[in-house]
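Across the two complexes that follow, chain A remains constant while its partner is chain B and subsequently chain C.
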Partner chain A sequence: MRDIRFGPQVVRQMLLLVTTCLIGLAFGVASPGFLSLGNFLNIGLQTAVISIIAFAMTCVIVAKGIDLSVGSTVAVAGIIGALTLQAGLPPLLGLFAILLAGVGVGALNGFLITVIGVSPFIATLGTLALGRGASLSLSGASSIDVGQPLVLWFGSSQLLGVPVSVVLSLVLLVLFWVLLNRTVFGRWVFAVGGNAEAARASTIPVRWTQFLTYVLAGLAAGVGSVITVGRLGSAQPLAGEGLEFAAITAVIVGGTKLSGGEGSIVSTFLGAVLVGVITAGLSFLGVRQEITYIVTGVLILLAVLTNQVGVSRPALWLKKLGRVRGPEGGAE
Partner chain B sequence: MKEHSPQSGDDRRWSRRAFLKRAGMTLTLPAISGGIAACGPFAGGGGQSESQGGDEGAVGQGNKTLGFAMINLTLPFFVRMQEAGGEAAKDYNVRTVWQSADGNIENEIAIAERYVQQEQDVILIDPVDAKAFEPVVRQAEEAETPVVTMGNKVEAGWNFNTLYPDYENMATVARALATALDEKGQIAFLVGSRGNYVSDTREAGFKETIEQEFPDIELVSVQPTDFDTAQAQAAVETWLTTYPDLAGIASVSDPLVLAAMNAAENAGRDDILYAGHDGDAEMHPMLKDGSMVIDVLTGAERVGYWNVAVGARIAKGEKFNKELFMPTYFVMADDMASRLADRGLEVDAVTPEEATETAQSYAEEFGPDQPSSAMSVG
Partner chain C sequence: MSDRPPQDVRTLELIGVGKSFPGVKALDNVSLEISSGEVVSLVGENGAGKSTLVKVLAGVHEPDEGSIRIDGHQARLQNPDDARAAGISVIHQHFSLVPVLSVAENMFLGRELRLGRSGLMRRRAMLREARRLLGELELDVDPATPVERLTVGQRQMVEVCKAMLGRAWLIVMDEPTSALSTRERDQLYALIGRLVERGVAILYISHKMEEIFHLARSAVVLRDGRHVGDADLSTTTEADLVEMMVGRQVEEVFPRTEARSGDVVLRVEGLDDGGLLRDATFSVKSGEIVALSGLMGSGRSEILEGVFGLSKLRGGKVEVAGEVLEAPSPAALAARGVAFIPEDRQEAGIVPAMSTQHNLGLVWTRGRGRAGFVNPRAERTMVRSLIQSLNVRPPNPDSAVESLSGGNQQKVVLGKWLATDPRLLLLDEPTRGVDVGAKSEIHKLVGELKTRGVAILMVSSELPEVLGVADRVVVMHEGRSVAELESGATEQEIMRHALGSAERAPAEHIDKRDDAGESENDG
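Then we have the complex of A and B:
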């Protein structure tokens, strides 16, 4: 019989899909209301922002970076946009201000990392605190009401029964996939993350590429902010708390390597959906919040184990262990 | 869609055997997750667990279910609140499901949205922010699910608000502390976290009263602590060095006052006056010895029992006004009350002994035998 062969990303995507379906079915059996269209749309709604930011985070991580500031960028961008609207500027300018604020934070991260030479972890940790402080300070530590229909549309309306934010996340899934897989920039991102020195020798603009991945992350946080403001009907200074963790989780579960050079937008999307299904399912069962953290942790470790180490190596270790212990335990 | 990765090597291919190996490993996740979820103290789903008070998850039986979306379920106030809520669930024969958002607004909204999907009989939300919950309340309205927003006024029309007068109470706390200090001197203020509605409201009530009514009282510092006693203690240690003439410390929550007292004791300062909020029994000795001027009894247990009682009654069809107010009490020792009265400030307060009795009698105060009118004052 001829052996069937699969590409590693296709394998991961198939497994993520099968796992998500099985877990979804299990939750459906335990809690019948889980397998309803309304609940699936809810899960889509709740994972839309995470997915969008995770797409950009995939680019950042593939280029061997990390961005911890996306959550507070969502908050500060929303506050800046709401203040712009409060000042009486048209809604379109308000939207533009939100996106621009996101791009601004992304550019600051890119500048600190690629020009000044600060490590990505430290630079974005700094802008995380800076963004949170700025959002609390600018808002006077309270939410700002946003009532403009155009702004609310992105977070609270539907297109043919599907939330606009879900449609937007699917559109961005395609755009990011094209960007990473069908453009020169995408090839640069993989090259820079895989081997920066080799990329530099190949005349690839390494710093510029890394800089742009952070700008993309800022822009994605801006889009996430638009959706969040629309969903909440207000700009919240504490919005986006823990979002960086959720986005990085989706990326890692999707199989992107933290060491850079390898990753997939589709897998990231499936990772976000898997985490969303598990979170919603556990919530449906009424289990404690700690469980969600534990399961998410297990998920990350498992993803890292299967992706970074591979399956064959642990199997080899076990085999070796069996050999070593053989005479005592009688394993061999 | 096919993905490219120059470094990963698209030429790396997986045999069917390797695929099955990886599949097996990946699919162990549901087993691991399910195993953890089904084990020990974490179990709570499905409504099988009989009332255990302090556990997150499902509590109680009954044919009506109340879904609680909470900001937090690990801080002492919320733990006590949930414990008493468990008692109320038993007394009212309802099932309660408690889920914590861990302070995250998006999480809390997601929890509330899931409760709507699950068609809970009543959804009770402790909202991180009032405005942000209006959309989810409207979603519940479409599903005709009653919503109770606790301790924070959400103006969405459909919901009931269970409230207590935080601003006015902290204004009285400010007056009492200032009067006890002869309306002069330096004071400092420990708050929860910026953006937290309860903390912000209490802060505003205290600060604005001091600024407007006591020009010779200098509020030297307002320090956010995230309701963390370690942070509160560190802040007070710094104050005692920076402001050696500090005469009073107030806080939005009693555990922070205890941390402040501990820091002052370590620094050998026993001349500072304190004022707090919550009415915790641990504060009674300090109220009696005069080091603590005033406290406000809301009582975590009372809040928990009262909210479950209101939710259960709504689930069973009782009618209420959209705003319900829980009675709160100022707590002062008789000596302190007399001292303040001599200086022109009359406060209608209960003694620590009376406060203990009131705090523990929540089942009688809000139990199922009480009429609907007992659920609200004013």
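Then we have the complex of A and C:
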């Protein structure tokens, strides 16, 4: 029996919060400059894009999908936006072009997966490569400068001393929370991931719901692209490399299950912050990149393990072992 | 290596075997004896306990009463390995073959011939051995072919060979002909004959009377988990055997509610899904319960799925409240007040990880909130009143549905649709796997809906349930609606139509087209 007052998600969130604080403190002890407002804002800045994309990724994964293409979508959307600006379009339209390009890639993913029936992993692996290739060839493999203040505002300005991107990620945290927890669509996402057959029998448009989660992921990548372009002052064909890894890490560390049907936006946010603090802390200490990778890898495995530890798990493992032992399972 | 001299007679005895599950006594005092070279048939209605008995023999369930004796010695079948070691092999309706591996590789799966103690396989020796065995059993299958390229009938034969290779002397066949063509069936008969000559014992489970009488010398009859008796098939008639299978006094009392039936809510004509369902015609009025009865695979459930648009129809007409639906879809049907409660709760009814509240709100929330938002307070009120009227336990809207009992899960699935005030309810096996208490609660609920003027179309394998609650019974046989019986009908009448042995009797919708479906019946 689970504790009635605290659901498993709440327990996880408190655990994540405490872990993040402890690790932050440890870094602070190791190098006192770590615990400064400036450094916190810096962590927020680095985490903003990851968490925004991780929110949408949570929707995709809860609906039992996966999107590996978000990183290259950030690049291709930025390049397309920069090209439209170069062609002389007004800044506002350039902004929309970036978002629209993201939505376009998301819709392509959704189409491949829900209409053609390609598995999510393969479909988005394909668009990952396609997007990278497209952004390199469209840009001639070099960065494109962007100077329009409106476009740069999201990635470079501050509101009351807080970076706009951080504010944006907090606003999106609320919006995605409302979407998943308060709308009919959010309910559908959980139902589709939890039991697609039952969802279908309950007249829920299963494929349409899945399609929309990929469009959301594309849109989130578009937003991430706007911030990235603003921060760098240019659109880079190699922007967003490894972003899919970072976003999926945040989602997994946040306790969302890849098997679908369960997950939480708040936990994903906390997962992103934890990963952000660790990454920033390690680079603050001047630790080399390979160590950072190793630590992130261990973190993912730890997260998955703590996710599986429960009363019924050991019994289940034993059962599985027993099933493996009996060859060809003539009785199943 | 699989040869066993025929004179070595082996015997399996079950003595007073019983097996209980929470809430059900699945097997009660069942005895049977079978020896090398015999074909014994195991018969009974759906849910009579045949599958449980098979699982006891396969070592999946250990009986909690009685004993098992092999060759006169006490034996325990605690797991599938024990059963295999005892020489018992079960051929299931779902095969346990690996599609991408070859016939020979499948036959040797788990007991590959190796080069000494190394992990290297002796592929050619295995092929040779497989070819020899296939030849001995006169089976025309190339051992090098991947199993995925074989027909269902050939796969079945490979299963049998695999069993023989494992030195099985008792082979249990669970409805082996249900997916076979007439020619494949004859080949199976021939194979059974050769197996019997080699001293193999066969426990043959089938619904089809002519097969039972053709193959077996005696039949063990189960009913409601009890062993009703053994029939010597040389002296028993088909009618007597059916009588033994169903001739029970209706013990469970189903609350029967009277209601005035009104307009026709659902009318289907010539429904055909290109698969199991071939030709079904009937109608359901408001305030009426119509039951679809028939054997497993007779197309009962397919009717519901076709009507609700979950499967594509190839032919026929679906008419809801006078409106002909060109392409039924779940959303279109739901919009017209049709609710569907599927057969398999786990697979298509509940979303296990969601709470009771969210499961109950799955259909209701759509189009009821503002701008796509769920109104949590209205949902809570709706859910609370549903939980109360359905008597869901525990009555906590936030408890995960996967933690509820089967009966309570079924109430949640029902409630999900009751929240939408349906005028036509499609119920597929509403009380399967549900304990007795929840069963009568569900029936009471269905009765209340009926008095409120809801039209109800129900599929049930349990004849007492069908007779207890239905106003009319539509009997299906091989995808066709072959008879429509009023509420006073007897179990024997239903079974006669369902088994296809009443073809001469006047029935309303008999289709006289002569095709494969008909020819399967003259044996």
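Following the convention adopted for this analysis, the second predicted complex is superposed on the first by the 302 of 332 C-alpha atoms of A that agree within 3 Å, B and C clash if a C-alpha of one lies under 4 Å from a C-alpha of the other, contacts with A are read in each partner's own complex, and residues count from 1 in each chain.
Keep this in mind: a contact is a pair of C-beta atoms (placed from the backbone, for glycine too) under 8 Å apart; a residue touches a chain by one contact, two chains touch by 3 or more.
None of these values were measured; they are calculated from a predicted model.
Of the two partner chains, neither chain B nor chain C is touched by A:V226. Judged by the touch definition given at the top, the superposed model places A:L112 against neither chain B nor chain C.
In the superposition on chain A, A:N195 makes contact with both chain B and chain C. In the superposed three-chain model, the partner touching more residues of chain A is B, compared with the other of chain B and chain C.
Using the contact criterion defined above for the overlaid structures, shared-chain residue A:V275 touches neither chain B nor chain C, since it reaches no partner. In the overlay built on the shared chain, the residue A:R187 is in contact with chain B and with chain C.
Contacts of A:G33 after superposition: chain B is touched, whereas chain C is not reached. When the two structures are aligned on the shared chain, A:P205 is found in touch with chain C, with no touch to chain B.
Touch criterion met: A:F284 reaches chain B, while chain C stays clear of it. In the superposition on chain A, chain A positions 186-187, 190-191, 194-195, 261-262 are in contact with chain B in one complex as well as with chain C in the other.
For chain B in complex with chain A, the residues that touch the partner chain are 1-8, 10, 12-19, 21-23, 25-30, 32-34, 36-37, 42-47, 55-58, 73, 97, 99-107, 109-111, 113-114, 117-119, 128-132, 134-135, 194-195, 200.
Residues of chain C touching chain A in their complex: 55, 58-60, 79-81, 83-84, 89-90, 96, 109-110, 308, 310, 330-331, 333-334, 340, 342, 347-354, 358, 361-363, 365-366, 369, 372-374, 376, 416.
Within the complex formed with chain C, the chain A residues making contact are 182-187, 190-191, 194-195, 197-205, 261-262, 322, 326-332. Taken in their complex, chain A has these residues touching chain B: 3-11, 15-16, 18-19, 22-23, 26, 30-31, 33, 36, 38-39, 42, 45-46, 49, 136, 141-143, 145, 156, 177, 180-181, 186-187, 190-191, 193-195, 228, 231-234, 236-243, 261-267, 278-280, 282-291, 294-295, 298-299, 302, 305-306, 311-312, 315.
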